[in-house]
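In the two complexes below, subunit A is the common chain; its partner is subunit B in one and subunit C in the other.
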Partner chain A sequence: MPKVEKTLGSMAALDDLALNETTLRSLDPRSKLITSLVFIVAVTSFGKYDLLSLLPLVIYPVSLIALGNIPAWEITKKILYVSPFAVFIGIFNPVFDREIIVQFGSFAIPGGWISFTVIMVKFALTVSVALILVATSGFDSVCLALAKLKVPQIFVVQLMFIYRYIFVMVDEASRMVRAHKLRSFRRSSIDFRIFVSMIGQLLLRTLDRAQRIHAAMISRGFTGEIRLTRELKAGLIDWIFVLGWSVFFILVRIYNIPELLGLLVMGGLT
Partner chain B sequence: MHMADALLSPAVGGTMWAVTAGLTIYSARKVKQDLDERKVPLMAVLGAFVFAAQMINFTIPATGSSGHLGGGMILAILLGPHAAFLTMASILTIQSLFFADGGLLALGCNIFNMGFFPCFIAYPFIYKKIIGNNPTNARIGTAATLAGVIALQLGAFFVVLETISSGISELPFSTFVLLMQPIHLAIGIVEGIVTAAVVTFVWKARPEILEMTEKHLAGEFSMKNVLAGLVIIAVLTGGMLSWFASAYPDGLEWAMFRTAGSEELADSGYKAHSALAGIQEKTAFMPDYTFKDNPSAIAEVAVDEESWPAVNTGTSTAGIIGGALTLLLAGLIGFALKWIGRNREISAGA
Partner chain C sequence: MSHHIVEVKDLEYVYPDNTHALNGVSFKITHGESVGLVGANGAGKSTLLLHLNGCLFPKSGSVHIGDFPLTKKNVVDVRRHVGMIFQDPDDQLFMPRVFDDVAFGPLNLGMPPDEVKDRVIYALKQVNADHLINRPPYKISGGEKRSVAIATVLSMAPDILVLDEPSSGLDPKSRRKLIGLLKNFTHTKIIATHDLDLVLDLCERTIILNNGRIAIDGNTRDIFGNEILLEANHLEKPLTMQCS
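== the complex of A and B ==
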């Protein structure tokens, strides 16, 4: 998790990217969500050593980044930031799997390294697609898409609410952390007892805030149920988007496209 | 403890998603039945609180290393299990969508590992049982610590199970477990102590808050329901995941094969052994985990042993050339799309 102060900025920045006037923005958020989920299933279904046949799937996030005018470096930074966990688990593959499966003359690659690379490629693909989802649709649209796809209403409402209040709470928390930093002598993490009273105070203020919010909702006519009234219309282009990409993913899964391409080129040369 | 998509197979991810979806629908229904409409803003604000609190690092006393709050237990204590589960789920969803902290396919696993165990197991069966009717400092401390430890141990264990059954990481079960469980034991203790400290703080400052939340918890938690739920989970995971069970020898059989030349001990000649073996043969209705005397099944297994995971790497020279070409093409497509987009912007702006 990033530092307290930078969190809000990065969340807002990711959401704001969706405000860019791009072709992707006119797509129904449901199509982007569904296609991304199909993509993730396709990526994760590749076997341990299928490094080369996996590669064509790179086109999907690359196209989305290009069409959505998303700064590729921002996404890359985030991918790098969360990669340590995957690297830590994946790096055991070369340790345990030392059977040579690829040979270039005298240059031999053990299976473990191939499967490690596969893990990292899969990681980059799945992570980028998750981030791109908010960057191209906006968080509210993603929530609306979830609601229209029959996710329980109360959970979608919870998502939208919590998103709104994260900005408030993280702001308060970062002020507390900053105040502490200014008064402590170069300590980067907080003493346990101080932390408990800070968090305890924050919690009490949170509970009070919840009561005030509830009072405000009641005085505006809240009767217990929140209704989402925005409509979503899926057009022809949405169907083409979803079906087109899905067919592509399935083809990549079934056929080893790089090998076919390579054979074509080699056949053409000889 | 957030799992990444890259280490998960679609089967495991899908199964856990099914389980989590079921739990979410169940919790949503229960929260709706709860007549306390104050819960709606409370869930959101407490969720945001936990999200914010997770970002503040504190020094763990006596070790000098730093930790941060998990939050599942505090949410369960303040909101009740169903609302807390939904809140945990929303926190994890936001972490996944904005920070890629856990993948979208893995979200089902993560919500289960970090939401189900604190809210539906540790809270009702450990915390509440120890607290009883009158919380004291000592009771809160023990209850929260024990609940935290158990919730995290179970969660960490399921991370191991989900990773191993996906078959993508080469980490053997024993190594992985020995890595995960001790670390999460420490994390669990810290989580429990922090939860206890914060709950005690709140209880001392505003005792009525804990009483208020206690009263609104919808009835007794039924052990029967939880057991039924666990049975369903076991059947789902066992049934679906067994399709992907490896036909290769397990660790013990492999070690046996290397040392003795066969995967099972030959008959030792002792009468007791053969007698017991005879009994076992008669009573085992699923020898070797398949049904008895099913010649087609045996033949299938033999064939499968050769084709599962058929290591067809496709790494011929053609493949590598093609791979490089594919990446080049992907990059070109990306640049082309960007160029087209920019041109369209310019002409639209002019």
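== the complex of A and C ==
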């Protein structure tokens, strides 16, 4: 499990990036959250063959990475980690959809490959924007923004607790795996039956911890509501950020900008 | 009326799996006393502590905090006066930042945000951890976690501090610092621990629990000087007394 530990460590490092002093950091997390949501809705609403018209949206994550001083490689690595999920969703498109959509002379591209690429691009765009949101605001600020945007508290609190205790749980799990490894000598994998009992044991430990945390919470007067006092302030620049980007996303969604540009260039040539 | 008194009478508790954890425990702790609660593993220390602020309720017998008996009705008042510091600071620090964690109790007591802020800073200063205010709790060291866990309780200005194994997992220097810190507090203190040297440093009075009963309740030095008694309760003379 050291691999998981490492991945999680890099997640915490992503959160740390939010401590950097940049203009993006000083924006209200709510404005970044709303803009990201508009972006995700815009991306997902494109049709399955709209590869070309989707491309201008790349500008958003790229400019955030540049403005926020975020190491692009870190974000790429994380996208690659989770990319198998997206690959599995689209993997059969090239098999079932063989209708030729694009033809460059003798070179033909079937629709299946285009729709597969669209899935991968959509996936990379949405995931990178979510990661950039955390890297520029910090996970707890995103939670705070959700709470201030009137997302039901139960969801916000769940999210906060998952993030707080995922580190503790992975630590516990990796200690169990290490203990197993130290006494299993040449056997490299975990026997299925042992694995099942380890998972069960982890669940019991988690329940135990949940009870102790609950005791700690009620000891300090918890009555079902978590109160956060940090205030958020949205200024003119936040409005410009949200409106400017949203208008751009909507324009990209309505007009096929690469095609328009192409026509413009071709028109200029003739 | 003083809230600083803890009185336990004939306390009995049976866990749902039929383990008899406490079998008739009685004691009275008065204003400003520091009491060490020691005993073997499974002697009932943690169960007893959980009764002191209403995380558990007695099957029979009673717990009085100040002049109130502990009941489901006044449990909120009791918790306001009894600050409980749990063994694993990871259980106690559940909020995204140290500030939110220390502010958690006062906010639940309905204090206005400005006062909460002052209290948070004051509590963190008392444990020398004010520089950690904006850190996430999972990224600070074990000793720092312990200090912050104590601050989360101090911010509610309790009269009684209840500590479960406060020195476990601390390096010697952090442990020494913690002892110095606790010595400065004027609260009534109840400390459950296996660290008998810590008890010797902080508590004039010691209660030894054995199988859910009080084996002895008396002066710390007298008790720790009695090797036969210690041996019978799975304990050992504290190191500092072995040297002398």
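Keep this in mind: the second predicted complex is superposed on the first by the 219 of 270 C-alpha atoms of A that agree within 3 Å, B and C clash if a C-alpha of one lies under 4 Å from a C-alpha of the other, contacts with A are read in each partner's own complex, and residues count from 1 in each chain.
Just so it is clear, a contact is a pair of C-beta atoms (placed from the backbone, for glycine too) under 8 Å apart; a residue touches a chain by one contact, two chains touch by 3 or more.
The shown structure was predicted, so the numbers you read here are calculated from the model rather than taken from an experiment.
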item	value
Partner chain(s) touched by A:Asp97 [first = subunit B, second = subunit C, both, neither]	first
First (subunit B), second (subunit C), both or neither touched by A:Asn69	first
Partner chain(s) touched by A:Leu228 [first = subunit B, second = subunit C, both, neither]	second
If touched residues of subunit A are counted for subunit B and for subunit C, the larger one	B
Subunit B versus subunit C as contact partner of A:Leu149, first or second or both or neither	neither
A:Ser197 touches, of subunit B and subunit C: first, second, both or neither?	first
Partner chain(s) touched by A:Arg164 [first = subunit B, second = subunit C, both, neither]	both
Which of subunit B and subunit C A:Ile240 touches, first, second, both or neither	neither
First, second, both or neither for A:Pro258, with subunit B first and subunit C second	first
Contacts of A:Ile250 with subunit B and subunit C, given as first, second, both or neither	neither
Residues of subunit A that lie at the interface with subunit B and also at the interface with subunit C	139, 161, 163-165, 168, 209, 213, 217, 222-223, 226
Contacting residues of subunit A [partner subunit C, same complex]	12, 15, 139-140, 143, 160-161, 163-165, 167-168, 209, 212-213, 215-223, 226-230
Residues of subunit A touching subunit B in the complex	1-4, 7, 10-11, 14, 21-23, 36-37, 40-41, 43-45, 47-53, 55-56, 58-59, 62-63, 65-67, 69, 78-79, 81-82, 85-86, 89-90, 92-93, 95-97, 101-102, 111-112, 114-115, 118-120, 122-123, 126-127, 129-131, 133-134, 139, 142, 151-155, 157-159, 161-166, 168-170, 172-173, 176-177, 187-192, 194-200, 202-204, 206-207, 209-211, 213-214, 217, 222-224, 226, 256-266
Of subunit C, residues touching subunit A in the complex	50, 53, 55, 76, 79-80, 83-84, 86, 88, 90-92, 94-97, 99-100, 103-105, 107-109, 113, 116-117, 136-139, 152-153, 156
Residues on subunit B engaged by subunit A in the complex (per definition of touch)	2, 4-10, 13-14, 24-25, 28-29, 31-32, 37-38, 40-49, 51-61, 66, 68-69, 74, 86-87, 89-91, 93-101, 103-105, 163, 167-172, 175, 194, 197-198, 201-202, 205-206, 209, 309, 311, 313-327, 329-331, 333-338, 341, 345
